[in-house]
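Next come the structures, one after another.
What follows is chain A paired twice: with chain B in the first complex and chain C in the second.
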Partner chain A sequence: MELTVTKKVKANILSTSISLVATIIILFVFLYLVGKDPFEVMQKMLTEVFGTGYGIGQAIFKATPLIICGCGLAFCFQASLFNIGAEGQLNLGVFVMSIVAYMFDDYLGIFILPIAVAIGFAVSAFWGFIPAYIKIKRGVSEVITTIMMNFISLALINYFLIEFLAVKSTVRTEKILDVISIPKLSVFSDYFEGSSANLTFFFAIALAAATYFIFYKTSFGYKLRAVGLNPKASRYLGINTNKMTVIAFMIGAGITSLVGLNFVFGYKGYYEYGFSNNLGFTAIAVTLLAKNNPIGIIFTALLFGIMDYGGLSVNTLVPKEIMLVFQALVILSILSFDRIIKIYYLKEK
Partner chain B sequence: MNTSPIIEFKNISKKFGDFFANEEITFSILPNTVHSLIGENGAGKTTLMKILFGIYKQDSGHIYINGNPVSFKNPLDAIMNNIGMVHQHFELIDDFTALENIVLGDEESDYGFLNLNKSRKVLIDIIAKYNLGINLDEKVCNISISEKQKIELLKLLYRKSEILIFDEPTAVLSPIEVEEFFKIIRKFKEEGKTILLITHKLNEIKELSDSVTVLRKGKVVYEVGSDALDISVLSREIVGELETVIDLNIRGDVKSEEPYIELNNIVYKHEKASALNGVNLSVYGGQIYSICGVEGNGQSEIVDLIAGITRKSSGSIQMKYDGISLVPDDRLEKGMVKEFNTGENVLLRNNKSKYISSSKIYDTAKAVVDKYDVRLPALNAPLESLSGGNQQKVIFGREIELDNNIMVFVHPTRGVDINATAYIHKIILEQRNKGKAVLLVTSDLDEALKLSDKIGIIYKGLIGKEFTRNEFDESTDKRNRVLQNIGKAMIGVNSD
Partner chain C sequence: MLESIITYSFFMQVFRMFTPYYLGASAATFSERSGVVNIAIEGFMIISAFSYAAITIATQNPYLGLIGGLIIGILFSLFFSLFTIKLKINQIVIGVGFNLLMAGLAKFLMLLFFHSSSNTPGYPHIPRLPFLKSIPMIGDLTGDSIIIFALLLVFISQTVLFKTRFGLRLRSVGENPEAAETLGIKVRLYKSGGVIICGLLASLGGIWLASNQGSFSDGMVAGRGYIAIAAMIIGKWKPMNIFFACLMFAFFESLEIALQISGSGIPSQFVQMLPYLITILVLIGFVGKTKPPAADGIPY
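Here is the complex of A and B:
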């Protein structure tokens, strides 16, 4: 009896690739209809991104938080918890993280980094715990609660920032000491000169690898996925599904706060209101496109990073909002092609 | 008879991957007959019916209805051609009433407004005609399985189906409900309808069928009319060769001193309705105790309590050992993660280490597959790609290997073919003889009689009558009377 590469794996790769191709074709047609030359736009974008180390660096910088946030979301999605609240969770975590960092950096120096990160992680995890708790106690869908929690989270930050913590006439916190910052890639190679890409990128890759290992190589990961695939059977198999829901939500939400490494410690040195720029929502697309597979998330996040920076670079030709259209199209096409592949390739109905 | 066939299958083939579910199937069905299609699970019966019904499309071959070639694109197409099917799993909306469920998709309306009363009149006539006794205003979530089946039936009658297909209709019914069902089928025939019955129960075939087609491994192997019907020939044709023969008389006296499972006066209330009303039950080591009864009388609640899925309202549960092995009733819903492969499904329940490697999955799968004779396309194939009987063997193997002293088997052989059934019975008996306490929940009385040391009859949340083996053993002359009493107890009639 031999092992076969399951058809499902092939189907996943197939549906992701077809979705991307379809999205690009639609985008081309769209550009053509608004009177632009799609090939010119594409060419400009590619040369801007790949022509210089700066371009590549910026794409990496944009991809890094998407990888991190995507891994967090994958924890929830694998357990069939549709967490729409990453935006709120990560903002709150990063906000607290940066406050802790600048308040105590004088005393603790470099040691404040792990402490601030741990506290930020805990705050985000707590923000993830609330919808999980409401779900298991009252059966309220996490989709509703997490969306609502986003508003609460951003309002809270706004209040504390403006009232107490912001540097005068800005919407940001005080800057942390430079010694605590995470080194930029340009420190190691002149190639990346000027770009904000930093070592957090490698941390993100390691995180994705670790997440992959947890999902597919540990007993816990199997249980997590089992709960996602068949919660009823999981209960009969002796898995505490409520506990799993809470754990998945807390770890997942906690991980989203780690994007603070990239922005606060690796780039600006402070928390700024609106820094995330809908990162928590974009990461949903990144994660879905990768079929919740952490290794896949690295690649889809890089793709989105390229599109994000590329979008900025062609802003003179087309508005950068075209990238939002791209993201929406990706989600729509992956959902439709999944279905089509299921029927015609896997012959399911 | 020189009438022409109402349905003809000609050279129908359907492949799933490399596997022929149907291979060159050719046979025909005459109008106004009861035609039985039998075969083991995985023999291709359901696939063929799904092709007829427009759910699957055949790879080659043709179907003719009244001599005209047809190819239904979807079930709606089939329904428009007066073909109706009652599936094994009912497709009803719980929060709708019986009436709403029946008319859904074919509603009567006045100027766009739903007019249920028009449909109600039609349905009341149908219900009276077939003596179905259904309350049209009851919500579907509140009614029994046999009533749900009747609602599915009413759907077909309401849509004026002339060809009725039933997929294992009696699997979920008690003996008395089966009798009732037979009456309805006979009435259909008097009305001139054509009935296609998918089953693997031989007594049903003998009682109802005008003609029989046997499928084995996707091919037609035997066809016979009611005049030449011989059950022993039929069973040989279905199975091919029987692989496991069990001797039920090998049962040592290994009964333990104390009960392993003891339920005292258990009351369980669920959404105001009381599901269990003071259940007392003791199962000893080295004993097979069967809970028999019509489905929905509290069996699943007892199992859920013992398994720790739900909590009782009052009463006490004593278990002599921690950890039970449980084969639940609905293997797809409760027993496995269908997207996971064999090894993963076993490790999910039976794994002591924190890490799971590919080789561990492989070894685990191999062990279960070899020991329990599981047949599967590939070792790492997802469990959903295995046949029902083989899925059940995996779940059985997993639970047996846990080696708990308490084992609970719920409808262990439902939808499982004859060979796998014999094999599963053998394992259950072995566990008993090893001194394990076995609680068997079944609605198949034959199964209970074959295996049990003691049978408890459950009715409306109460285990009333209990029967011990010396009462119903084949050697005793009182057996027939005891069997009658068991039948009565199942529907709540007091026996003498």
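Here is the complex of A and C:
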């Protein structure tokens, strides 16, 4: 038994590293083909990101929401629920969160922060409850419902924003009082001067640690993973799979709303339409690459954060959209190498 | 108020909007009938719309753009079948990856080639058909070869799927691959066939959008690939029903545009979300029962 576990762990590490190397090779060849010098791009990126505290701070700032959203998605993925609706779930939650915060910030001061966050969490959780409920009651795949609900939630937000809540001729809500904010890292150390990285990063790490603990050290986590691995067998073991589906979806969707801590309270002070910039989809790549392991998610999110800011920093050499291609290639190669290693290394069918 | 919206040009608009929906929805149908779920219709539309644009700009020949766009569609469907049929990876996850890849590639290449993050320069559209374009009243529709093809496709796909040996085998592979295999049908070959037809039709939808708009812009496909999948579900995987579902969605889209222009006070966002809302309601079972092919989405 011990032996098979280590072999599985080895296989996981093997497939993650092979896919990363393969992706980078494909990207290099691709850059070369379109007439760019891949080594120059790589070098510029590394010096820009790691050369200054600002660069590192920005990479951390970009990684923070990915860790949070990744943990939320991991709750669903561990239970084999393919939640593609994070984009809609987190937008709706963060939207409501920032409205609540700026409406009551005068009366409640800093106390509005936990209240607003709790309400945002509840809204996202509710948005996650719908596909879960439809799945257990009607057997409809969560994939289709969550895709459809992404569009619905964005249209809803757009409506309320444009018609009632946006500051004139913008697509953002009004600014929350400055006192209600999460301190930037630059407050504590001049090293991060100018970057938007804030204390939410440490919250994200703590969240990942807590999620890890729940998955692997509690009976709830055991049940969650059992449902994901083999729903039929779990039912025989007396696990209420329907209940687990609903709980996993609600907690997972709820957690995605916490990215608002980083953007709204840690950075801008308001909700802006399109702030998430496909965060809900990028987080799918982050989570898959980490094999749904929350500790792994910290590292893959940091990698994507580095790539994200790195992409911006090499924009003069090559369009930053190269990072979109990179993310997609990571997803595709991790999936294929997982499969190939399963067939040829673990000899599974 | 309704009279001011439902006009002759509105009617024409509905049939124009119908075209990419129907091409995308029949694309998805061919793939799912063979048992492969392809949620990357959106991506296929984007990448071939961009290919049409880029090639037409480079060569100033829209026919080369058309052929190039279709070839790109086929290439990506070959990749798609490699991942989903040969390696048997979860089709939905692969679909998400493909959507990200194709949308990302189009964005990246647009910046690289045309130095703009919003749109490409203009280019000629696919020439109108002689004679047919000069039919009074409906010349705008009948002169467009892809619109004509989309309308004919209702009968073509109905016939191919239900009246030919290929269609019967394709469907049997999607319903019960084990049984099909026992009867000597090459399951993977038929699945690949379904996926390639899917890529071709979805690409044609993207090409039509690009040709019709006269310049490729970021976000121009605007979720039509997903609405196409919704239309397929509502149409219960049947070409004739899908035709009506697509007409309905085309009607909503045209209505949304008309409402925006007329400033009627009815929020366009609600019309915008109708297709998605209706799809969910259909799936829940409010509007009749839906049943996908029995082995849909299961690798074989």
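Quick note on the criterion: the second predicted complex is superposed on the first by the 344 of 349 C-alpha atoms of A that agree within 3 Å, B and C clash if a C-alpha of one lies under 4 Å from a C-alpha of the other, contacts with A are read in each partner's own complex, and residues count from 1 in each chain.
Note that in this section a residue touches a chain if its C-beta (ideal position, glycine included) is under 8 Å from a C-beta of that chain, and two chains touch if they have at least 3 such contacts.
Small disclaimer: the values here were computed from a predicted structure and weren't measured.
When both complexes are overlaid on chain A, chain B and chain C end up clashing with each other.
Contact with chain B, but none with chain C, is seen for A:234 once the two complexes are overlaid on the shared chain. When the shared chain is aligned, chain C comes close enough to touch A:138, but chain B does not. Looking at the shared chain after the overlay, A:335 reaches chain C, while chain B stays out of its contact range. Of the two partner chains placed by the overlay, only chain B lies in contact with A:8; chain C stays clear of it. In the superposed model, A:156 makes contact with chain C only, not with chain B. When both complexes are overlaid on chain A, the residue A:222 reaches chain B alone and has no touch with chain C. When both complexes are overlaid on chain A, the residue A:322 reaches chain C alone and has no touch with chain B. A count of residues in chain A touched by chain B and by chain C gives the higher number to C.
Chain C contributes residues 39, 83, 87-90, 92-94, 96-98, 100-101, 103-105, 107-109, 111-112, 117, 223, 226, 229-230, 233, 267, 269-270, 272-273, 276-277, 279-280, 283-285, 297 to its touches with chain A in the complex. Contact residues of chain A toward chain B in the complex are 1-4, 6, 8, 217-223, 225-226, 229-230, 232-239, 347, 349. Residues of chain A touching chain C in their complex: 34, 82, 84, 134, 137-138, 140-141, 143-145, 147-149, 151-152, 155-156, 158-159, 162-163, 281, 284-285, 288, 318-319, 321-322, 324-325, 327-329, 331-332, 335-336, 338-340.
Contacts from chain B toward chain A in the complex involve residues 16, 55-56, 307, 309, 326, 328, 333-340, 344, 347-349, 351, 353-357, 362, 366, 369, 376-382.
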